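Got a structure for you, questions after.
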Amino acid sequence: MKKALAAVISIAIFIVLSYFFLTGSAPIDYLKGGNYTDPITGEQYNHSVPQQYVEDTKNDTGASNVVTAIVVEYRGFDTLGEVTVLFTAATGLALLLDELKRRTLPVVDPNFILKSAVKVVLPFIILVGAYIFIHGHLTPGGGFPGGAVIAAGFLLMILVHTTRGLPERKLSITESLAGISYVLIGLLGLVFANEFLQNYLPLGNFTMLFSAGIIPLIYIAIGFKVGSELGGIMHNLKGVHEE
Amino acid sequence: MVEGGVFMMDILFFTLISLLAIATFLALYRLIRGPSAADRMVALDAITNVTAGLLILIAFLSGRFIYVDVTLVFAILSFVGLIVVARYLEGGL
Amino acid sequence: MVALPPVLLIALPLLFAFLAPLVGMVSRRMVKLYTLLVLILNALLSILLFINVMANGVVYEQLSGFYPPVGILLSVGYLGAILAVLINVLSPVVYLSYFGEAENSVKFSMLYMLVTASSTGIVITGDLFNMFVFFEITAVGSYGLVASLRTKEAFEGSFKYIVLGSIGSAFILMGIATIYGYLKTLNFYDIALRIDTMPETARLMSFIFLIVGIGVEAEIFPLNGWVPDAYQGASNRVASFLSVGPSKAGIYAIARLIFTLIPIMSGFELSLLLGIFTLVVGELAALRQRDVKRMLAYSSIGQMGLILIALSLHSETALVAAVFLMVGHALAKSILFIGSRDYSGGLLRNPLIAGPLFLGVLSIVGMPPFPGFWGKWYLMVDLASRGAWTIILLIVFTAIVEGVYYSRYLFRGLNGEIRTLTKSEIASIIILASILILIGLFPQYLYDPAVMAARSLLGGGP
Amino acid sequence: MIPELLQPVFVISAALLSIGLYGVMSKRNMLKIIISLGLVDTGVNVLIVAMGYLPGGTAPIENGNYALYVDPVPQALVLTAIVIGVSVMALALAVAMGYYRKTGTLELDKEGVMKW
Amino acid sequence: MIALILYYIGIVLCFIGAVFFILGGIGLIRMPDVYNRMQASTKTTTLGLMSIVLGVGLMQPGWLLKAIIIIVFIALTAPVGASAMARAAYKSGVPLWEGTKIDQCEGEPCKRGVKKE
Amino acid sequence: MMLFTFIAWVLAVLVIAPAIYAVETKDLLSAAIAVGFADLAAAILFLVLQAPDVAITQAAIGAGITLAIFVYAIRRTERWEK
């Protein structure tokens, strides 16, 4: 009975939503519409915000990836919040699983094929992860996927070593240091430039690795932070074996 | 790609992608029907391979080199997912 | 005096929260003191900010070096400043009650700092998506805090909170997507300037999406199913913190939504309706409860309904009433939650506990001269001036219901064995009660900022 | 009139949202509810990315032709939303594990989450 | 000229890959038990993916390096994944097809008593 | 472009069918696998919408990490829905 009701409700939701999306959709030609106003000065601009991003990213930030420029520079404060959400979740998870840490589930060892293959593949995966977050301002990706790939490497490690977890203390220190350096980079912006998270490094040559001011630094910090946080989550979910 | 009329290449790629789609649907059938979780995992492996092919074709069709990174991450993560489920099934998690 | 940038209110606690694990590695016992110091520092910063806002008007700060709709703008208005002070001053006071407890771990303190910082973030931001991000930090931190007792009830309450909170955040995102799709901007002012260019349906849809999404955090009717379970499962201090921080931030977001973001007439009507529903449902459910914490939680829902009614009346007096109700609710509810741990009676023999509890009950029910009274009084004045006698009758009726169950609560506590509260808890509720008395005796110090906040909101400002 | 490509995208988004909400409403198993929440998240993310699509556009990464870039802002927002979704999901799983430890079951009491 | 030839070779390779995908899919449907399905699908789809990646790499010679990296990675991981999966299926007690002639692992203590699926 | 619309319709099936299956099945492990696949298909959809950043993040975090933590959670609790 309850199921039928839920089904009816969700089908109704589906119809309403698809009708709303398919008919009342937004104007797509964003480059034309949407002039905006600066709320402080009241100055009018006759182009839209995304157009501004697309056209000025190169001069403002020096990054070739506009999405990265938005994530790290223009709306960098959001990203600080995003990192904090992940940090909060990892902290809460560790808090909740504190007494669940020790476990005595029976474990089967992996066979040698997997063990030796992981030995070969692991450096490669870590390398790809590092590549993704270092090149965040040039290619798609950035701190979050890069950190996730590194965490996938950690995951392979704890999948193969059944009795050992990850070095929890080191992960925790890395995580803290990365987070602190992110906020400090922002606060230095307040000191050297005028505003929090403002760029104070030279922009460098466009499309080069060492360019785009603080963007690579922040993405490296995020990469380390996300990697160690997700690794810590895996570690906590796995639990430590009692010998 | 030429604007307007249908180009030879378009038909070719259309066929190619149709083939890929059929392959995914076949595997999708196994993903949904497969009696055991191992069957589903096999199907997932097959589908991720096919969709990785689809990804690189999309990258080619969009003409952007940088999209290839996605395929690499895709391959890594699907491998890790496969190993996780396999280790779970053999009781090693 | 140097005008400090408001971003420090968020950035510094984040920095110190990231630092906390390292402090915890050095010495686990130091973390409590460290957290308290950080929170007190934040309180001082917020007071400086408040003074600055009251002297110079709305404080804007643009971030990352780009002017507003392109970069993110922080804007501290009068209401925001009042709530920032409320949250940041009460947060260390509530945290004080944790001293002398062994259970308090490093991670708990980190979550506490993060939730304080992000609740502050909600009230000082001027960007829709930024507000969403802070909502999520608040919510995720609160999930962890609610479950931190690790009992069955705690996990259950936390899970319900998670489910409804995630649905709420999905709704907020849909609202953001709709607004962004039409206006291509996320800044509050920019949206407010151009909201008229959106079609009527889309405007209403985005309003509904956003109010449903924010309503989860603000404990508004359609999605507040988590409130009783979460408050029941959480430890008392966490429950009191939730009614200080996250719920106030949520109600502020609703105020911003209906006043500055999408100020449409049907929006006010809808929120009035929701407020009435919330009030009646909350108070009637509270009457039926036997469990003290559940009763307090439902009473909390009722108060939120009252605040929402005050907000949606769209007049200066009603907004002043809303400010008083918020302050009164935060103070009184945190006293009641902290004070009724192991509520087994013995009030007569413990004047130090009984006094603050009694004051808190008086304020919630609306007895003079407490903030709760002033809030209800201004609300009644406004309603009477527009002749809305049905709503007045409803509010009087719910006040009587409140009186009934709170007197039952007090009578139940009169006799019985000696209550056991730690010294720090008693200190905490005494501080809270003295703030309550101060505001009750000198309401003009809150009244003036409240009037300024009301004028600013009615003029479409923050 | 919306672009042709967006029709299937909106259908996917609406379908994921309604499937997820159906799961949340009708299931009692905690992990199943978490899975449904993940589906809702994905649906919303698809919707947001679709809001920035430009017919015939390309990714906003150095290409020389600004007029062809799709809107980068929704992509930046969705990056944030994905990470937030996973964080919430991990925390929810921890809560479910704790609940399981205390009660020995993953099923919620009586009426499920929607009880008032 | 060479570019054009490479382009056509690439397209042919892509088609070969697609055909292998289809074969793998059919094998996945038609085979009687997990082990046979695994046999049929993992090998063919891996080969198919490799040839499509190589084909695209040939069509766009600038992409060849990354394509080769991907191919190497697939060549490293796919067999490992398949082996781990087969072991997992066997250990978790998925029954063999009744037509199976030889079970080389029989008698070894590698079956774990797992709930029947 | 016609071709991408076609791909998007294919992806619609690839996302929606596993999603329905994931909600309806009693086996939580299968549900996790199916939802992992739906997320991977969504990643391809993001690439079709010309959002490689989102696609890469969805593939790494949304699909890979989610599947892993789900399997861990199933291991520490139970696999079958009642």
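Going by the order they are written in, the chains are A, B, C, D, E and F; count residues from 1 in each one.
Keep this in mind: a contact is a pair of C-beta atoms (placed from the backbone, for glycine too) under 8 Å apart; a residue touches a chain by one contact, two chains touch by 3 or more.
A quick note: this is a predicted structure, and the numbers were derived from the prediction, not measured.
Peer 1: Give the chains in contact with both chain B and chain C, ordered by label.
Peer 2: Looking at chain C and chain B together, the chains touching each of them are A, D.
Peer 1: Which groups of chains are still linked by touch once chain F is set aside?
Peer 2: Ignoring chain F, everything left is still one piece.
Peer 1: For the chain pairs D-F and A-C, which is connected through the larger number of C-beta pairs in contact?
Peer 2: Pair with more contacting C-beta pairs, A-C versus D-F: A-C.
Peer 1: Quick check for the class: compute each chain's Cα centroid; which one is farthest from the centroid of chain C?
Peer 2: Chain centre farthest from chain C's centre: E.
Peer 1: How big is the gap, in whole Å, between where the Cα atoms of chain A centre and where those of chain D centre?
Peer 2: 16
Peer 1: What is the distance, in whole Å, between the centres of chain C and chain F, each centre taken as the mean of its C-alpha atoms?
Peer 2: 37
Peer 1: Counting in whole Å, what is the centre-to-centre distance of chain A and chain E, each centre being its mean C-alpha position?
Peer 2: Centre separation, chain A to chain E: 32 Å.
Peer 1: In whole angstrom, how far does the Cα centroid of chain A sit from the Cα centroid of chain F?
Peer 2: Computed value for the inter-centroid distance: 19 Å.
Peer 1: For chain D, jot down the residues that touch at least 2 other chains.
Peer 2: Residue numbers touching two or more other chains: 7, 11, 15, 17, 19, 21-22, 47, 51-54, 58-59, 61, 71, 73-76, 79-80, 82-88, 90-91, 93, 95-98.
Peer 1: Hunt down the residues of chain B that sit against at least two other chains at once, touch-wise.
Peer 2: 24-25, 37, 41, 59, 62, 64, 66-67, 69-70, 72-73, 76-77, 79-80, 83-85, 87-88, 90-91, 93
Peer 1: Hunt down the residues of chain F that sit against at least two other chains at once, touch-wise.
Peer 2: 1-2, 4, 27, 48, 50-53, 55-57, 59-61, 64-65, 68-69, 72-76
Peer 1: For the complex, which residues does chain B have touching chain A?
Peer 2: Against chain A, chain B makes touches at 66-67, 69-70, 72-73, 76-77, 79-80, 83-84, 87, 90-93.
Peer 1: In the complex formed with chain F, which residues of chain B make contact?
Peer 2: On the chain B side, the touching residues are 1, 10, 13-14, 17, 21, 24-25, 28, 31-32, 37, 40-41, 44, 47-48, 51, 54-55, 58-59, 61-62, 64, 66-67, 69-70, 73-74, 76-78, 80-81, 84-85, 88, 93.
Peer 1: Given the complex with chain D, which residues does chain B contribute to the contact?
Peer 2: Counting only chain B, the residues touching chain D are 62-64, 66-67.
Peer 1: Inside the complex, what are the residues of chain A that reach chain E?
Peer 2: Touching chain E from chain A are residues 108, 110-111, 113-114, 117, 120-121, 124.
Peer 1: Across the complex, what residues on chain B touch chain E?
Peer 2: For chain B paired with chain E, touching residues are 12, 16, 19-20, 22-27, 29-30, 35-39, 41-43, 45-46, 49-50, 52-53, 56-57, 59-60, 65, 68-69, 71-72, 75-76, 79, 82-83, 85-91.
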